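Two complexes, one shared chain (chain A), two partners (chain B, chain C).
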Partner chain A sequence: MFVQVLNGLAFGVLLLVLSSGLALIFGLRGVVNFAHGAIYMLAAYVAMAITDRTSFWLALVTVPVLLAAAGLLVDRFGLRHLSGRSPLDMVLLTFGITFVVADVIQTTWGTRAHTIDPPSALQGSTDLGLATYPTYRLFVIAMGLLVCAALIAWLKFSRTGLFVRAAGDDRTTTGAMGVNVDRVSGTVVALGFGLAGLAGVLAGPYLTLSPAMGTEILITTFIVVVVGGLGSIGGPMIAALLVGLAHALATVQAPTFSAYVPYLLMLGVLLVRPQGIAGRRTAL
Partner chain B sequence: MTAANDVSGAAGPQDSRSQHAPRSPGILPDGVAATMRRARRAARWQALGWLALAVAGLGAPWVISLYQLHLAQQAVVLGLLALSIGWLLRQTGQLSFGHAAFYGIAGYGTAYVAQHTALPIGLTLVVGIGLGTLAALVVGLLTIRAPGIAFAMLTLAIGMLVWVAGGQMHSVTRGADGLNVQLEGTLLGKDVMLYGNPVEAWPVVWGVLMLTVAVLWFLSRCTWGRRLASIRDNEERMRFSGYATYWPRVAAFAASGLVASIAGTLNLVTTSFMSLTALYWSTSGLALIVAVIGGVRSVLGPPLGAVLFVLLQNYLAGSGDHYQAVIGTVLIAVVLLAPGGCTEILERVGKAAASLLRRESRTSDSSSNRGGSRAAT
Partner chain C sequence: MKKSLRLGVALSALTLATAACSGGAASTSKQDADGPIRIAVVTPQSGPYAEYGEEQREGIQFAADEANANGGIDGHEIELEFADSLGTAEGALTASQRLVQEKNARFIIGLVSSPEMAAVTPKLEAWDALMIGTQGQSDDLTGKSCTPRYFRVTANDTAGVNTIAHWLTEEKLPQWDSIAADYSFGQASTAGIEKTLKGEDSKLNVKLFSPLGTTDFGSHLSQLSGKGGLVVSLAGSDVVNFLKQALQFGVLQKYETVLVNTGLSAATLKALGDERLVGALGTNSWIPTADNPATKAFVESYAAEKGHPPAENVGNGYLGMQAIFAAIEEAGSIAPADVAEALEGLTFDSIQGEVTMRAEDHQIEAPTYVGTVQKTAGGGLELVATAAIPAATNNPSPNPACKLD
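Right after this comes the complex of A and B.
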């Protein structure tokens, strides 16, 4: 049971990193980034290439930065041009990116499954008293929680974080107050892509790399964001851990039923409380 | 000279879809009446164009090869699915990622009924299509109130739920192995097995597509379609004005699901095969891309997009199969540069050519007749 809770936490933390990026982009650009799963997948594959040549630690640092740069470009040359149009146009744009990335990955690395070896310092298991648990997964949990704490602190205490929250609440007024909203949005999209990249690198040695991994996690992340509430940052964080735990527990307790659990959770939440745990109806 | 140029630039053709055309133009201001007259004339031309296309399409087996006909048939099935999603997007402004579910349920449902009951083939197909439509109705009842992006995500999740269920109901779907179906009976005067041959199937396949196009075109223009468009533009205002906004949208979603179901059943009849990919979200996603590339503002856009896609896929199949990257890039380009898709591009080209022709005839007139006769007419 203890191990299952930890498994749930490890998966939940991965979802936490992904969904906070998704929620941030949604707050600022009003777009659900359909490319989030593809970016995550791309990060995992690039991390594999870098790990094979040099070391995992280098990948952990460089890949999120590279993808953040890519996010900046997508915002500058894509999303910004569509800001006056229907949000569905932006969805379609990110959807197009998904297809391109999927093709690049299949061409470069093929369709078979790959794995990354965790760095030597994190191999093996750690004795936690109640049970021994793989060290790498403990590292994932620690990293994820650390990054989210940093993200919350940044949003709460920094100047840019203030602008991000303000622009998420009311874009026009924030712009009228002299904040360069386009620049803030660019930062946030870059941050969201960077977080997706980080999740991809972290997932590499923990899950299996395959061309389907992006879609699988994308849909779970959507569920997390909807359950948590669109337009909120804290809601998806709670929902991520919930979904991760529900997923891990159901896999062991009710294996045939486990694949349905996230979807049923989502349907249940939407029927009882359509705005999600902490969402605002007006955000949609 | 400059005055003439200004006039030709300003007097673009009116958008034929923008106004409802009541029967009594007498009480309306002249400008409105003229616009409506023009809209009716445009509608007549569109109907004629549809008739010409429908008749011309029937002749396809005599013009193109068997292989090309096979591709055309694929394009029609994809086009129908794209049409269902595109029409919903245009009419209600809602983006569905879950239509693969209805497409697949109709296909698997038809196969199941054919294998487990002794119903005549016609009734089997109707039951299959009915199952898909029923699923759409239920999904519509649950999700249609969700605004914009939440709706897209909800339909995606429900579609994936159906996919997971399909994978687990191995006895019905045969899982990843795929399901081979032997349909039996006589459909429209032919043994149903004959529809596996594109030449035999083509009149039916083409007829179904053109009929669906016509029905959806009519539905967009009738009062109900106008009301849907108004709800799309401002739901609160419509509700405030005393119109129901829930049921019309549920009905629209069910109608769209019906078209997707027809596509699913048509696919089963012509290929006798179902695989689990039919339920996967990429089926909806591809149809959506095709619809957007073709252009959702016209009912002919999605089928046009499907034809372009099948041609492109066939063309790229020889060169390493990069169709995903190409189609993704095309989608990005279309969204950024021509949100109306290919139909918008065609329209723009048509308008540019028309105004160029007009200008040229005008300059040649003015140089030969000093502009006198032209200005008088």
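Right after this comes the complex of A and C.
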């Protein structure tokens, strides 16, 4: 049981990092970033290339930064120009990025599965008293929770965080108050891409790299954001851990249904609370 | 609300547009009797089985290039037409139909999973096409849902189980655990293992299933006992995922023996590259290390050309092409109906030596192989064949439910 909770936490934390990026971008740009899974996957592959040549730690620091820079470019030369137009234009752009990234990965690294070894300090298992658990997974849990705590603190206490929250609530008014909303949005898209990058690097030694890994996790991440509530940051965080735990426990208690659990959870939430756990909007 | 409605409509339109692009109009032109042999290579190019798809394409391409370099087959040049099955039944059906009807490629090959094949086989006669199965193992394809135009050159599930039975009986462990893919392959494997163990005074202790494409096996791993032996019936990236995480959890190391049903392919071992897998037992329909002169000759000529030995499914794809070529030569025609008739009961030379396509159910009669993981001279890992299980032992007798007329 203890191990199941840890399993749920490990996967949940990964979803948490991914979904907070997705939720942030949605909140500010009003776009469902279909490229989120592809960015996550790209990060994992680049991390593999860096780890093979130098070290995992270097990848952990550089890859999220690189992808944040990419996010800045996507926002500056893509999303910003589309912000007044139909949401479909933005969906097409992010959907297009997905295809391009997936093909670049398949051309560069092929279709076969790859793995990254955890750094030597995190290899093996740790005895936690109740059970022994892979050290690397404990690291993933710790990192994920830390990053989310930092994100919440930034949103709550920093000046930019205040702008982000304000622009998420009402873009026009925030702009009228003198906030450069485009700049805030750029920061948020960069942050979102950076978080997807971090999730990708963390996932490398934990899961397996394959050209399907992006789409596989994207669907679950969407579910997390819907369950958590569109337009909220805290909601998806709770939902991510909930989905992770429910999935881990269902795999043991009701294996036949485990694949349906995230969907059932979404169905339940949508029926009882259509706006999600902490959402303020019911639709796009 | 209005915005979301618009988005929904637009997304549906996008989906429809994509579907329309891959649909296409039917063509009625007949295969030209003197023209090239057009082969529809339908493989998954993404998803958990993408790697297998790539291997299939390599083997099929190698066979086509080799045949063309030698002046074609029976005077005909080989032309390959490629399409992506997307790894799904619907995708396989759409892609196959497109190549048959638009490109007039009536010999279909390369599909990886049984559900993909099962979607296409019922249509073959209506399309006047023929299909060679080079990987999917479901018994039904050559059993109760057999069709006159479908032929399989690789082992079926029962043959696969009869092959693992070699290790289950040899190892004599009091108990085994099993983890299997939650679809026909894994289910048939688990049922077969359970039956075999009953006759061996042993038992199947823990029995787990995981959906195709499982990313996190943590919850499965915590349920494994670590006692006796472990049979893994997973495939594609699932088996890499599982073995990697099982090593991280330290679960794999607890077992006396780990046995993998077809999953210990060259690609899996390369992705993992973990020395703790040395000694693991594996089985497969064909393995490049098989002690067989025809296999050796094929592996040598492939390695000379490509610089590395062929993976398992490169060989399977190649074997499928050998079956088509042999039947065309036998028939003296490239009309799918004539080729199908010639292939029925045909004995031909292959990378496994002399093999026979059984007339009753179109299931090949060929050996299967068992082996152990060993370290290669180059520091990598490979599954080295230790024995061949002859067709007489591995192949179940034809299912009477299969009626081909």
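We adopt the following convention: the second predicted complex is superposed on the first by the 282 of 284 C-alpha atoms of A that agree within 3 Å, B and C clash if a C-alpha of one lies under 4 Å from a C-alpha of the other, contacts with A are read in each partner's own complex, and residues count from 1 in each chain.
The rule we apply is simple: contacts are C-beta pairs under 8 Å (C-beta built on N, C-alpha and C of every residue); 3 or more make two chains touch, one makes a residue touch a chain.
Since we're looking at a predicted model, the values are computed, not measured.
Colleague: Putting chain B and chain C onto chain A via the overlay, clash or fit?
Modeller: These partners clash in the superposed model.
Colleague: Which partner chains sit in contact with A:G37 here, chain B, chain C, both or neither? Use first/second/both/neither.
Modeller: The answer is neither, since A:G37 touches no partner chain.
Colleague: In the superposed arrangement, which partner chain does A:G78 touch: chain B (first), chain C (second), both, or neither?
Modeller: It touches chain B, and chain C stays clear.
Colleague: So in the superposed three-chain picture, is A:G197 touching just chain B, just chain C, both, or none of them (first/second/both/neither)?
Modeller: Touch status of A:G197: no partner.
Colleague: Quick check on the superposed pair: does A:N7 touch chain B, chain C, both, or neither? Answer first, second, both or neither.
Modeller: second
Colleague: After superposition on the shared chain, which partner residues are touched by A:R137: those of chain B (first), chain C (second), both, or neither?
Modeller: Only chain C is touched by A:R137; chain B is not.
Colleague: I'd like to know which partner A:I223 touches here: chain B for first, chain C for second, both or neither.
Modeller: The answer is first: A:I223 touches chain B but not chain C.
Colleague: According to the stated criteria, A:S125 is in contact with first (chain B), second (chain C), both, or neither; which is it?
Modeller: second
Colleague: In the superposed arrangement, does A:G214 touch chain B (first), chain C (second), both or neither?
Modeller: So A:G214 meets neither chain B nor chain C here.
Colleague: A:A102 in the overlay: touching chain B, chain C, both, or neither? Say first, second, both or neither.
Modeller: A:A102 sits against chain B and chain C alike.
Colleague: Which parts of chain A are in contact with chain B and also with chain C?
Modeller: On chain A, the overlap between the chain B and chain C contacts is residues 86-88, 91-92, 95, 102, 106, 256, 259, 284.
Colleague: Across the complex, what residues on chain A touch chain B?
Modeller: Residues 26, 30-32, 78, 81-82, 85-89, 91-93, 95-100, 102-104, 106-107, 215, 219, 222-223, 225-226, 230, 256, 259-260, 263-264, 266-267, 270-271, 274, 284 of chain A touch chain B in their complex.
Colleague: Using the touch definition from the top, list the residues of chain A that touch chain C in their complex.
Modeller: Residue positions touching the partner: 3-4, 6-7, 10-11, 86-88, 91-92, 95, 102, 106, 110-115, 118, 124-125, 132-134, 136-137, 206-208, 210-213, 216-217, 247-249, 251-252, 255-256, 258-259, 282-284.
Colleague: List the residues on chain B that touch chain A in their complex, please.
Modeller: Touch residues, chain B against chain A: 89, 93, 95, 142, 145-150, 152-154, 156-158, 160-161, 164-165, 167-168, 281-282, 285, 288-289, 292, 320, 322, 324-325, 327-332, 335-336, 339.
Colleague: What residues of chain C sit close enough to touch chain A in their complex?
Modeller: 1, 3-4, 6-7, 10-11, 14, 45-48, 50-51, 53-54, 208-209, 211, 213, 215-216, 218-220, 222-223, 236-237, 240-241, 244-245, 248-250, 267-268, 270-273
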